[in-house]
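Listed after this line are the structures, all set down as structure tokens.
The following pair of complexes shares a single chain, chain A, combined with chain B in the former and chain C in the latter.
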Partner chain A sequence: MFKLILYKELREIIGSTKFAVTFGICSILIILAFFSGIKNYQTGMEEYEASKAAALRQYEKETEWTKVNSLQIFLTPEPLMSLIMGISNDLGRTSYVNGRNKPEIYDSNYSQQPVFAVFRYLDLEFVFQVVLSLFAILFAFDAINGEKERGTLRLSFVNSIPRATYILGKITGSFLALALPLLIPILIGILLLPLMGIVLSADEWIRLTFFIVCGLLYLGVFLTLSVFVSGLTQRSSSSFLFLLVIWVFSVLIVPRASVIIAGNMIEVPSKEEISIKVMKLQQQQSIESEQKLKELYRNYFQALSKNSDPEASAREEKKLQESLEKMLTERTKKREDFSSRLKEERRNIQSGQEKLAFGISRISPTAVFSLASTTLSGTSLELRDHYQKTAEAFSSSFADFYFEKTGFNIGNPLKIMLAMNKKEKSITLIDTSEIPEFVYQAPELSFILKDALPDTAILILFNFIFFAGAFVSFMRYDLR
Partner chain B sequence: MTETEKSVVLEADKLTKRYEDGVLALDEVSFAINSSEIFAMLGANGAGKTTTINLFLNFIEPTSGEARVSGIVTHKEPLLAKEKIAYVSENVMLYQNFSAIQNLDYFAKLGGKKEYSRDDYRDVLLRVGLQEEAHNKRLKGFSKGMRQKCGIAIAILKDAPAILLDEPTSGLDPKAGYEFSRLLDKLRSEGKSILMSTHDIFRAREIADTVGIMNQGKLVMQADKDELSDKDLEQLYMKYMAGYMEDAA
Partner chain C sequence: MISTLIEKELKSILLSPKFIAVFSVCSILILLSIYIGIEDYRVSMAHYEVVTAQADQQMQEETSWQGVSPVINRYPDPMQIFVAGVQNDIGRQATIGSRGTIKLSRSHYSQNILFAFFRSMDLMFIVKIVLSLFAILFTYDAVNGERETGTLKLSFSNAVPRGSYIIAKLIGSWLGLVIPLVVPLLIGIALVLVYRIPMTALHWEKLGLLIGLSFLYFSFFICLGVLMSSLTRQSSAAFLYLLVIWVALVLIVPRSGVMMAGQFISVPTSAEISARLAQKTDEFSAQYAKKIDEFSAEDTRKIREIYSDKSLTKEEQKVKRDELSEQYRKNINEARDEYNRKIADYDKSLNEDWRNRKAVREKYGFSISRFSPASAFQLAAMDLAETNLKLKTSYEDQLRIYSDIFNKFRSGKEAETDTSFDIMDDKKPEKLDVSDVPKFKYVNADLGSVLQSTVLDMAIIAVFTILAVAGSFVAFTRYDVR
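Moving on to the complex of A and B:
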């Protein structure tokens, strides 16, 4: 009986003109999303290689390693980033690493091509998020009340069918009827990857598979929700309207509103506020330094006037140099510590705000799907944090490299200045291939999967809740 | 089938239904329909005809009393009782994207009949008067009469001892109505017990063995075909309806 109802549902949906049209549109959009994603990746890689080469070229004519005191690094494009873009276009693509300051990220895709910021890209996440949810609603909004309106529900239940079997067969059949055909354009899209020269690593294949699973779970959420609502209402027009309102809230309102609510509840200090505070400290330090400098020079000149012996004066000069250096280092360190502390505080507050926004947004299945898919593609906010960490680690290794090459600490501008101004200069060009290369690598698979697990679990939970709702509402449904 | 072989198939025993809002839809209705018998229920809208059918189909549970099919109490053993019932609604819609044969195949299997072949479906569709060229066409383009024929074919395929018909001739043209009467006649001769709700007094008198008139949830009159020959059903019907009108006034 279950199989009979399942097959009927499959045939009824797949045989309809409505299905042919919507399936056609979905297929085109999915294949287009794959195609444009691949093209974006290829363009991104070309730009990346060109920018990387240009960044190294500026040091090609240098003869002193001391001049290589800053490096421009670039976010390495990844195929999954192009298919499921997340924040990758909003996030900058480059940073300057100098071994001392924390690298800032600049130059986002959207700042380069603002038109895309207006309408955004057509990526897989968008197609799944918007089109698949509508697809599910369109086919299941009248799953129960529509059958009642057509009289087929009554005619079916003239026979000795348990209600549970009927609703199970109906939901499973509807899900398979929508999900299985959708796998065709997805498979075509996946085939395009190797055909267009994109090689995915084993980890990326696994992440892509998990993304598709999440997409199907998301489809299941809207399907079971539609059946649930259909079982709560007597007229299909009412359920359609109701589902449309839910869709608008889930897809458009809740994710945006959660950010606004969290923004109002937790205020994050702006970067400008931090800069002003650091500047104030700097001004205060300058006033304090002035006093100290006066004292140092007074002592120095007093010592010189007491003893005019050249050896003693050299000793005094060295002493003064050391004192100046110590003062400058302490001042810089204090300022940097202060700035780092403020930035750290800002980051913590921001992290709290993000957590709150995501927490609120998780009442929307669309937001949950979005969070899961961007985590799997490596384009969630984690991309920013992971890039930052990787860039900081690289900055530190760059400082070591600099020390190795120059014998100076990159954080010691005075010595560097002295070294740069030394009279004996090397005539041999530096070998830029020795400069360490920055390659962004996504977090480990286990970390990504662990991160995506809670949202995947919530999607499963949504499915379970709406399925249970559909089941219970149908068990109590008035068949007359 | 002889008179002695006849047995009660459909039976309403003091069947009462009061809805949650307090409306008494059916008030101690009792009747019995033997095999090879047609019982026509006449009555205005809201008289309780469809409620009676719904109680036999267990779409609602009785407040008191029992509806029995072949001795099985419908609200106690609904799945078992439904095996004994076939049903044709007033407006058969079926699955519009399926052909007539596909609809028959689905509903026959749903009724537990898995042994039928395409030839069986074709035969039964021809029997109910649906032309062969329509058998494989989607129901989308079917007229009400054609869909009604498919509904009857489904009921025939189920081969249940009892058939419930809810306003089956409403909207049918005279020719289709006549063909329908002949078909019912045939089903009766095959031993089926048929309960038919209708507004069509003349069709009821023509085909039914027993006619009952329902008014405000009560079976106010019940008469055999033999008795009806001496009475004017139309007059009786109007009399009871007029009574209803007076009550309402």
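Moving on to the complex of A and C:
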């Protein structure tokens, strides 16, 4: 009996004009999302390589490693980032590392190319989130009350069909009729990846598969919800209206409102405020340093005037250098500690704000899907934290490289001055290929999957709740 | 006859349960969007005031004119309440350095990435997405729905001219849907007044135009609904087609246009531009350093001459030495100014070229996007609110002018001040008097130029609407009412 209902539902949906039109549109959109994602990735890679080369070109004419005291690094594009963009275009893509200060990430794609920010990109997440959810409603809003309006529901129950089997067959049939055909454009899209020269790692394939599973679960949420609402209402026009209002709230309103609520409840100090505070400290330090510098030099000259033999001069010079170095190290450390403390405080408040916003937003399946899919593609807020950490780690390895090449730490003005003024200057150009290369790598697969698990579980829970709702509402449904 | 038909249409819309649900949702959304916009604006203003005060305070602590680099923050505009546009995506701070290179950095979204995750919800967004969808929902069965229920046949059993009937349908639907929206909009405007948002006459004019534009856009979807309803026999088919058209016009075409332009027209990256500037700066630096060396050598030679000239008394030697020092400082300042000017000029030309290439891409991207009235509406709304792409370039242009003024002022001040560093001098440096430092004020475009930039998009929506009205008229005159 179940099979019969399932076949009937499948036949009914697949044979309808509605299916032909929506399937056509969805297929075009999915393939377009894959195609434009691949193209964006290729453009992103070209830009990345050009930017990297341009950054290195600055040092091509240098003969002294002392000049290579900072390096511009760039966020390495990843294929999944182009397919499911998340915050990757809003996040800064570049940073200067100098081995001393924490790198600050800036210049997001949207800030540099605001033309793309006007309408945003068409990625897979958008297609699933907005278009497919709307079409899922369109397929199932009259699943029960539509049959009642047409009189086919009464006709079906003239036979001895258990209601449970009927609703199960209806939901399964609708889901299969929607999900299975969608797999065709998805597979074509996936096929485009190797055809257009995109090589995904095993981890990336697994992440993409999980994304598709999440997408289907998300479709399931709207499908079961539609059947549920259809079972609660007598007229299909009413159920469609209710569903459209729910869709507007779930897709467009709740996610945005949650962020706004969290933003109003928890205030995060801006980065500009922090940097001005740090600059103020730096200003204060400069005034203090000037006094200290004068004192050190005065002592040095006084000592020289008392004893001018070469050995004593060398001793005094060494003493002066040590004092200057100590002063500089202390000054930098104090500023770095102050800045780190402020940033840490900001980060903690911001983290609380983000948790609150996402917590509220999770009442919307769309937000849950968005969080799960961006986590899987590595374009969630974790991208910011991971990129920052990777940049910091690279910064310290760059400092080691600088020390290895020059024999002193970056930012030691005295040593730099001495190196610059040395009589025997190198005439050989430095080999820029020796400069360490920064490559961003996404977190490990286990970490990503662990992160995406709660949201995937919530999607399953939504499916379960709406399925149960549809089941119960149909059990009590007046078939007449 | 028309008035009776309009009245009938109005009644059927206003008394339907659909209207109550949709009207309530739209009202809540419109009010919510305006309220959120007001809150965002207040937060932006508070942020602006804090950051500006801190920057001013920092400047007041300076002891040397060389260290004075004003930090300019982008001033929030009340129109962002209604149309956020790209104002959250572009930088909101720039530092006026001695080199005159200007770059707005630190966008709201890049600094507060959480807000970028789901983006903002402004009035423009509600009108563009939600109201257009609801306009379809009300009109998809305007004609074929009446045929299905049999009322169309009934109506035409009387001597009703088809032309009058379809015009009455359009006017009735328009009045039934647009007039109720005026209520939440007026409440929203009242909120702006209650929260004392500093709206100038120009802002009110722009808001009036924005509301007019929104109604025009909304009218297009009403007419499109009636058109599709007159073209199809079944209301379910009309709705399906309308939904597909809506998805294409509102969600797909705008994005595709810009993405296509992005693929076809390549623009150098910001890093490439920075690297070119850095390379040129190195070149100018070397020239500057060479000049400084020459001045120093010349200065040393002349000092030696003064002290070796036995005919001069000690006082005369001192006078000559002072004159020489003054000349040396003047030369150094001139060389530095020239160095800074060269960098600023190069930066300007580099940016101009970059901007032109970007403009070409924008032009093509937006031209393709304008096949959709939704894009035309968004672009016109952003132009009206001045939260469009010009915001960045216009700010940076005005900052460049300010940078020239400021740097001249600073050079003058530096020339007046003794900047020599004497190790033996134990005097504590004094704070500067920065009260007369020129202030930056961003000048908005006037209504004339704002209108000029929106007129094309307004015309596009008007043409689309006229076509939909004409289409409805033609389709209905041929419609089989049975």
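The working rule: the second predicted complex is superposed on the first by the 431 of 480 C-alpha atoms of A that agree within 3 Å, B and C clash if a C-alpha of one lies under 4 Å from a C-alpha of the other, contacts with A are read in each partner's own complex, and residues count from 1 in each chain.
Operating definition for what follows: a contact is a pair of C-beta atoms (placed from the backbone, for glycine too) under 8 Å apart; a residue touches a chain by one contact, two chains touch by 3 or more.
In this text, all values refer to a predicted model and were calculated from it rather than measured experimentally.
> Looking at chain A, does chain B or chain C touch a larger number of its residues?
C
> Quick check for you: in the superposed arrangement, does A:243 touch first (chain B), second (chain C), both or neither?
It touches nothing on chain B or chain C.
> If you stack the two complexes on chain A, which partner ends up touching A:91: first (chain B), second (chain C), both, or neither?
A:91 sits against chain C, while chain B stays out of touch.
> Which partner does A:33 contact after superposing on A: first (chain B), second (chain C), both, neither?
neither
> So in the superposed three-chain picture, is A:140 touching just chain B, just chain C, both, or none of them (first/second/both/neither)?
neither
> A:271 in the overlay: touching chain B, chain C, both, or neither? Say first, second, both or neither.
Second partner only, chain C.
> Just to be sure I follow: which residues of chain A are touched by chain B in one complex and then by chain C in the other one?
none
> Going by the contact rule at the top, pick out the chain B residues touching chain A in the complex.
54, 57, 59-60, 78-80, 82-83, 85-87, 89, 91-98, 102, 106-107, 109-112, 151, 154, 158
> If you look only at chain A, which of its residues touch chain C in the complex?
Residues of chain A touching chain C: 17-18, 21-22, 25, 29, 32, 36, 39-40, 43, 47, 50-52, 54-55, 57-58, 61, 72, 74, 86-87, 90-92, 94, 105-108, 110-122, 126, 130-131, 134, 138, 237-238, 241-242, 244-245, 248, 252-253, 255-260, 262-264, 268, 270-273, 276-277, 279-280, 283-284, 286-287, 290-291, 293-294, 297-298, 301, 350, 353-354, 357, 361, 367, 370, 374, 381, 384.
> Which residues of chain C touch chain A once you look at their complex with the stated criterion?
17-18, 21-22, 25, 29, 32, 36, 39-40, 43, 47, 50-51, 54-55, 57-58, 61-63, 67, 71, 73, 85-86, 89-91, 93, 105-107, 109-121, 125, 129-130, 133, 137, 236-237, 240-241, 243-244, 247-248, 251-252, 254-259, 261-263, 266-272, 274-276, 278-279, 282, 358, 361-362, 365, 369, 375, 378-379, 382, 389, 392, 423-426, 428-429
> Within their complex, state which residues of chain A touch chain B.
1, 4-5, 8, 11-12, 15-16, 150-152, 154-162, 478-480
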